[in-house]
Amino acid sequence: MPDGAAPVLDVKGLKTVFRTRSGEVHAVNSVSFDLRPGELLGVVGESGSGKSVTMMSLIGLLPSPPAEVRRGQVLFDGIDLLSADDDTLRSIRGARIGFVFQDPMTSLNPVFTVGFQLMEPLRRHMGMSKARARARAAELLELVGIPDAASRLKDYPHQFSGGMRQRVMIAMALACDPEVLIADEPTTALDVTIQAQILELVKELRRKLGMAIIWITHDLGVIAGIADRVMVMYGGQVVEHAPVRELFENPQHPYTRALLETIPTVRGKRAPRLRVIEGQPPVLGAEPASCPFRPRCGHALDICARANPPRVPVGPAHDAACFWNPETGGPRDV
Amino acid sequence: MLNYTIRRLMFTVPVLLFISFIIFLLLDLAPNDPTGNLPMTIPPEVRQQIRESLGLDQPIWVRYLLWCKQFFINEPLNIIEQWFGIQIGDGDRLRVRSWATRSPVVDLIVERLPQTLWVVGMSYVVGILIAIPIGVVSAYRQYSWFDQIGTFISMVGFSVPTFFTGVLMIVIFSVWLGWFPSIYDTTLVVEDWASFMQQVRQMAMPVFVLALFNAAQISRFMRASMLDNLNQDYVRTARAKGLKERTVLLVHVLRNSLIPVVTVIALNVPQVFGGAIITEQVFKVNGLGQLLIIGIQGADIPLVQTLTFIFAVLIVLFNLIADILYGILDPRIRYD
Amino acid sequence: MFDAGHARRPLVEVRGLKMHFPILAGVLRRRVGEVKAVDGVSFDILEGETLGLVGESGCGKSTCGRAILRLYDITEGAIRINGRDIARASHAELRKLRPTMQMVFQDPQASLNPRMTVAKIIAEPLDEHTTLSRREKMQRVHELMDAVGLSRDFANRFPHEFSGGQRQRIGIARALALNPQFIVCDEPIAALDVSIQAQVVNLLEDLQEQFGLTYLFISHDLSMVRHIADRVAVMYLGKVVELAPREPLYSAPLHPYTQALLSAVPEPDPSVRSTTERIILEGDVPSPANPPEGCNFSTRCPRVMDICRRQEPEFREVAAGHFVACHLCSPQPETTAGATAATQVSKSVQQGE
Amino acid sequence: MKYRSILAAAALALASAPMAQAGRGDAGNLNIIYWQAASILNPYLSGGTKDIDASALILEPLARYDENGNMVPWLAEEIPTVANGGVSEDLTTITWKLKEGIKWSDGTDLTADDVVFTANYCMAPDGGCQGLAAFADVANVEALDPLTVKITFDKPKPFPYGPFVGATTPIIQRAQFENCVGAKAPECTEQNFNPVGTGPFRVVEFRANDVITMEANPNYRDPDKPHFATLTFKGGGDAAAAARAVLETGEFDYAWNLQIDPAILSQMAKGGKGTVISAFGTAVERLMVNLTNPDPALGEKRSTLEGGPHPFLTDPAVRRALSLAIDRNLLAEVGYGAAGQATCNVVPAPAIYVSTANDECLVQDIAKANAILDEAGWLPGPDGIRQKDGVRLSILYQTSTNAVRQDTQALIKQWWSEIGVETELKNIDAAVFFGGDQSSPDTFQKFYADIEMYTNLFDGTDPETYMKSWTCEEIPSPANNWLGSNMPRYCNPEYDALWAKLAATGPLEERAEIVKQLNDMLVQDGAMIPLIHRGRVSAHANSLTGVKLNTWDSEMWNVADWDRQ
Amino acid sequence: MTDATVQDARQSRAGRSQWADVWDQFKTHRGALLGMGFFIFISLLVIFGPWLWDIPPNYIDIRAKNQGPSLAHPMGTDQLGRDTFAQVLAGGRVSLLVGVTAMALSLVLGTLVGVLAGYFKRLDGPLMRLTDLFLALPLLPLLLVIIMLFRDTLRAAFGPETGIFILIVFVIGITSWMQTARIVRGDVLSLKEQEFVLAARSIGTPSHRMILRHILPNVLSPIMVSATLGIANAIITESALSFLGLGFPSDFPTWGRLLFDSTNFMTLNPERVIWPGLAISLTVLSVNYIGDGLRDALDPRIRGR
């Protein structure tokens, strides 16, 4: 993937807060990243780590209230999406930035035919006539590998299996040839064999269409198979960010390291006992003043309690937000 | 879907028979007596003769069976004859007769249907037309001033009895302003613009009063249903497609939210026919509700039995229609 | 019986278990067919072992687990737990047998009554089956909370105040309350985050050791099953297609479905990833209401043969303790089925039904 | 006979009444509202005033009563009397002569046959005729010639004007109703909804319980009448709404029976669009006193003579005190306004029958009432309620559901509390209360209460049958299926004897004297406590002329004379 | 995702009862709080008011009839000179009591039928047909029959007012439970599929305890909402009964009767109409707001948001 190309999406210092009746929840804190044309950026994290909220914040999909994007800048094609008005956002959503969501069962409207839902973005953004949109919708279904595409346009979502529905979702996201596709845990709800099908499909579509993809998941295995770069999130912030191979071979943040050790595999050696990250993920009632992973971290230093570590480069195109240096076992020079 | 419909339809037969028996029994036990409203000058012996001439001294099961035969066999045949102008059998069938008017009950009902449909039906339609937008906006702007005011008005509409709002409107619009007539003219035939306007004017107040009442309930349902659907994943999908907020709301959310509401609307239709008793009374729209109340007050048992049974049939029927509508609106059920 | 090394007795014996749900249709709601959720499953679970039951959603593994505990009235077959007939026990007898067999559920949120406190939830089995005093009950609840690693201070809280992992601990504590011998774990970690999954699995292992429990561990997560199970059964469309001790199954799966399933698991190591080839199965699982003729897997099998579409393969032991239901493994046709033979690669994505 | 002369004078007065100048049909449409809708136009099948009034627009009797209660010949040439030979000397036959040239609205002639048929129609068994009472003791009705009808009675009838006089027994057309006799009567819907009559109007469309549209009868005997070409007879709503439609919005010309709070009515009348009219007949709102014991513990014998006398209402002192404690003038003012007068009599009209012996009660005197009770040994108990020998003066007071009656109940309860009597009020739906259903405990005949209140009256001007209501044989009891009109269970052989004498007496003055005695016995023996002499209240638009409110006959009796200014 | 965050946010707080949580949530609903305040106010007013305002509601002062508001009669008087304020206070007692008890009865019936129908498959068909039947019953004749059959017995047993009170509550109760039953049945059907019910089954919990411990507490929120609407419905039904003359003895004021009685005096004495109308409307409104707030507070999806 071209390393030097200008990013299609450039996120700087994003901060999103939920206002709840029991106070504020700082779900996303100072998240910055960029996405280059044609690359696949994997975002890994557990529930509550802020990965979905980050992506939804980009494009104004969070319900407000309770969500509120406090700070930051999201540059897409020279436009700051955070300060753009609703109409601009709407003309970008679905046209230039496509979305695929986790649960294909609930993400499609049950009372409209698949064809109708597929044609909507085509008619809205490309101004196609009904007939042309229908033809294009059939093409799209074919593209995502749904057999007998033209006749299935008349079917309702519940007549498709889970895997097929996710294909429909992908077709819908790709309808207007977006530059960016944001996939939020698109295979989590699927069985492994179906997940494998979808992963193959995405790889192939990337080859054919060449859009940039942000792939959100909690499954490191999935990331390992498809991503170019990986961003690990914890407690609403990016804790580590590296090219995929670098991350798996040379993880720097204790959380990434623990995560990699925790996961059992079906191949290779079977560990007699699983590594465990003790404790629970944090809840951010305020802007974190210390490292959010500190209570669960086996390498916590004094400084971790006093400051929230910034992201520092630890290798080529590799940065981590941690005071601890795995090589020395002591503090990192920041 | 067809099987389902047929199955439900078949199921209604025993239910209806049972309901008919209960209704018959209930009305027969009721202490009302058709001679109750006769003037005091008619001596008791004459009253007794009148009662006997009405067949009141027969055992109850005989009267039930006769009534069943009448209602399920003879009356439908009569109606068919009337509609198609054909003669089935000897045509000299007995009719279910009202005690007060001595005329066939079915004829009375047919005569009453137009005004009930016009006024009460129209008010229901108007109520729905008001309620749905209010429900939609209230839900979309939950806890906004619009929502608060909408809630307030619908609660007032729900909680103030129509005998009060009706009279209030008459005093304001008929007596003080003289805009609308206070008495509904059931004989008015709409044939030109003037008579049409007159019809509109005389319908205005009863339709408004009832519509307010209906709208109050339906808008509450609509709001709740919209709120349920607004948080669904597919709404997010629709937004992610860059659809206009209007489209998201009016196409995606509305269609889904309407499913339970349409069921509620269908289930309440039978009340349209019988539930507007007080409003009909207040505005002198002599429709089915007024017929029922006259029947009850005058202890016109055949009339009340037939009317209530027709309402029962309607309730069962609209239960069925609600189920079928549900199927039509919700494809998930349609293909089950 | 299966595992020559340890002469452990089978605690649970399942023979020919069938769980069919009727499909009613037509005007008269007549039975027009049945969903064969579980269609003739037989296996034993030895005392103190963990049997993993894996398969994709809809293959009947959860139904199987519930049927074994007689949460459903089964259609056919025999179930014996600790020598006692479960399949045909009356409701009163069943109630007496309940303490020996318990269940841990998939969704820790849904399996806890949101209106009961933790103490009440854990004490419920005690209320039902013991006559302990309030204090003794509380004592026991506290012991159980200690055992599953929950602070005693949480006893009066409600489930919604806990995270997923903690809720699952509550569910486990409830299952342990009556000192059961046998616990069916129905996808206990499916709804949990990765870092929490490991905590729960370790806890289950510790408890097994501590109390000598026997588990039926139902999961779709092959890697976790590999970790926790002693033996593994693979289900597909209501039937067990392969059952073997852990190591042979993972290193040399015999059934094409098992092979495909294992190959589909993503490998969290990019370097390994690029060297292995994957078997991408075509299409979706057929409906259990209308399973295909012959072998259930014949519609998707990359190595399907004519006989597969006609004749249902027998579930037989092909190696010590290694059972397979596949014509490829029958002694008659040429076969040296093994992991290498199964690496049929489909380069392009194949879709369709 | 003096009676005859009164009637003749009245007839003369009617004949000389100023006639409107206009011809038939030039006053346009007449809008009448009856808040109880007409359900049928055959008065023989319905006793409801609304139905009788509606049919009075179409059907006519041989003679009517005018607004003063005088009999006037209508379809008959004259009123038959003994003097003019119309009534036989032995009082057993009456012979009516029809006017010549009267035509039915279909153009055929009215004949004596129609009159005979009408009698047979009503007297046919299984017909359920509601006017049967008028035909009591009729042995035979025959046509002597096409214009002469002779009615023969079983026994001497001093007052032989029952059949065919007044609104309840008009003449129906034989040709139309020939096939509707007896059990078939109810099935003749077309006939019952659209009778052919001799009256000023005929039906265009009949909507049962809703509205009747009519047009002028082209064959009406007076070529200039009726003045209205069409007539709308609307029903439904309530009295207040009907009053509003005439008095405030002016949508209707005539509204009937406006029994609403007098304050509201006078407020509405200020609207200036209409006029409230009232007239008095024989109706008296009264309290019936249960002289038998209504104690539920008696079971079957409850409120019957076998159940024994009432524990305290049989004490004349109590009854007198109860009566004295009531301010009848206030009741009239609050509940009836111009349409009510305090009265102490059961027979309040016509004037010759009115007794003055009971006028003590016209003035409320609570002190005296208290004194009477003290004297009789009813002394206040610890709770303020008077008692004697363990019997508390606690009264269950029932009536039908009606706003004015409930106000009256409330007022009386308060006054009675001032003399140490406890009252529990109960109101019952009219259809049940007056319904006579034998299975219901709430009918006025069963009288499972101590006091009940309602209005009773008699048709026409002769109280003979009315006074029979309180003879011993009229006491309702299980034996006669509770059919009886003697609600107080008043049984006095003297009264029965006196009534028998009335039935045999001819001369009007003597009859009047006997009626007064009967009236005084009823009041003084405490069988009932009369309260209000009730009038009818109606309203008509200011533009409507010729309205003469008539309480002795249908209000529509002279509708042919009505005109628009 | 946001849900998880939020749940955890709550976890950080000290352990507290669920009802405290509900109350916390309820407090944030301004309408509900206002409604609650008003409802408590009006309840206290009608309970204690008659002791403070000592004119008996039935005391007739005929010289003071049809008066407007004054110091002696803050809400004016009626056509017999009875004090409207005293009547509104006394009427409120009855109306509220009727509302609350009739609602309770209809809830008990509706919940019973709904739970039985939802929980026991065999009972579902018959019970739902029974519900249809009750929906189809003609209310008025039913009333007449019931009043005829039971009035005397009840009057003898409980006295006239209590007797008719029981009767009316009974009538309103048995004619208004059907909606609740339907809703509860639907909820029970879906609850039955929940894993915690399965969990209880795997413990061997017998049906009756299953219903009491697991089903009932979880259908509480639709029941609560039905309850609030039920009070409103009962107050209005009682007024309709007065309209039809089938209600309480005539000297026994209720809000519905006061409103009905005063309707005709609208032009003569407009103040008189306003008070009972206002009392009914505001009570129903406040009850409805309480219902809204309760629904939000009891819904775990909304709670905490």
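Letters A, B, C, D and E mark the chains as written, and numbering starts fresh at 1 in each.
Simple rule for what comes next: contacts are C-beta pairs under 8 Å (C-beta built on N, C-alpha and C of every residue); 3 or more make two chains touch, one makes a residue touch a chain.
Note that the structure is a prediction, hence the values are computed from the model and not measured.
Novice: Return the chains common to the contact lists of chain B and chain C.
Specialist: Intersection of chain B and chain C contact lists gives A, E.
Novice: Can you tell me the least number of steps between chain A and chain D, where a step is a move to a chain it touches?
Specialist: Shortest path length, in steps: 2.
Novice: Measuring between mean CA coordinates, which chain is farthest from chain C?
Specialist: D
Novice: Would you mind pulling out the distance in Å between where the CA atoms of chain C average out and where those of chain E do?
Specialist: It comes to 49 Å between the two C-alpha centres.
Novice: Distance between chain C and chain D based on Cα centroids, please, to the nearest Å.
Specialist: Measuring from centre to centre gives 89 Å for this pair.
Novice: Take the average of all CA coordinates in chain B, do the same for chain E, and state the distance between these two points in whole angstrom.
Specialist: Distance between chain centres, rounded to whole Å: 25 Å.
Novice: Let me have the rounded angstrom distance from the C-alpha centre of chain A over to the C-alpha centre of chain E, please.
Specialist: A distance of 50 Å separates the two centres.
Novice: Check each residue of chain D and list the ones that touch at least two other chains.
Specialist: Within chain D, the residues that touch at least two other chains are 429, 432, 439-440, 442.
Novice: Could you say which residues in chain A touch two or more other chains, in rising order?
Specialist: Expected reply: 47, 280-281.
Novice: Chain B: which residues touch two or more other chains?
Specialist: 29, 31-32, 175, 231, 296 - these are the residues of chain B that touch more than one other chain.
Novice: Can you list the chain D residues touching chain B in their complex?
Specialist: 33, 37, 39-40, 42, 45-49, 126-130, 132-133, 168, 183, 185-189, 192-193, 205, 207-211, 213, 232, 234-238, 241, 244-245, 248-249, 251-252, 271, 429-437, 439-440, 442, 445, 454-459, 465, 476, 481, 483-485
Novice: Could you please specify the touching residues of chain E with respect to chain C in the complex?
Specialist: It comes out as residues 4, 7-8, 10-11, 13, 15-18, 21, 194-196, 198-206, 209, 213-214, 217-218, 220, 300.
Novice: Can you name the residues of chain B that touch chain A in the complex?
Specialist: 231-234, 236-245, 247, 251-252, 255-256, 259, 329-332, 335
Novice: For a test of understanding, state which residues of chain A touch chain B in their complex under the given definition.
Specialist: 59, 61, 63, 86, 89-95, 98-99, 101, 103, 106-112, 120-121, 124-125, 156, 158-159, 169, 172-173
Novice: Any idea which chain B residues touch chain D in the complex?
Specialist: Touching chain D: residues 29, 31-54, 95, 97-98, 100-104, 107-108, 111-112, 170, 174-175, 178, 181-183, 185-187, 280-284, 286, 290-291, 294, 296-299 of chain B.
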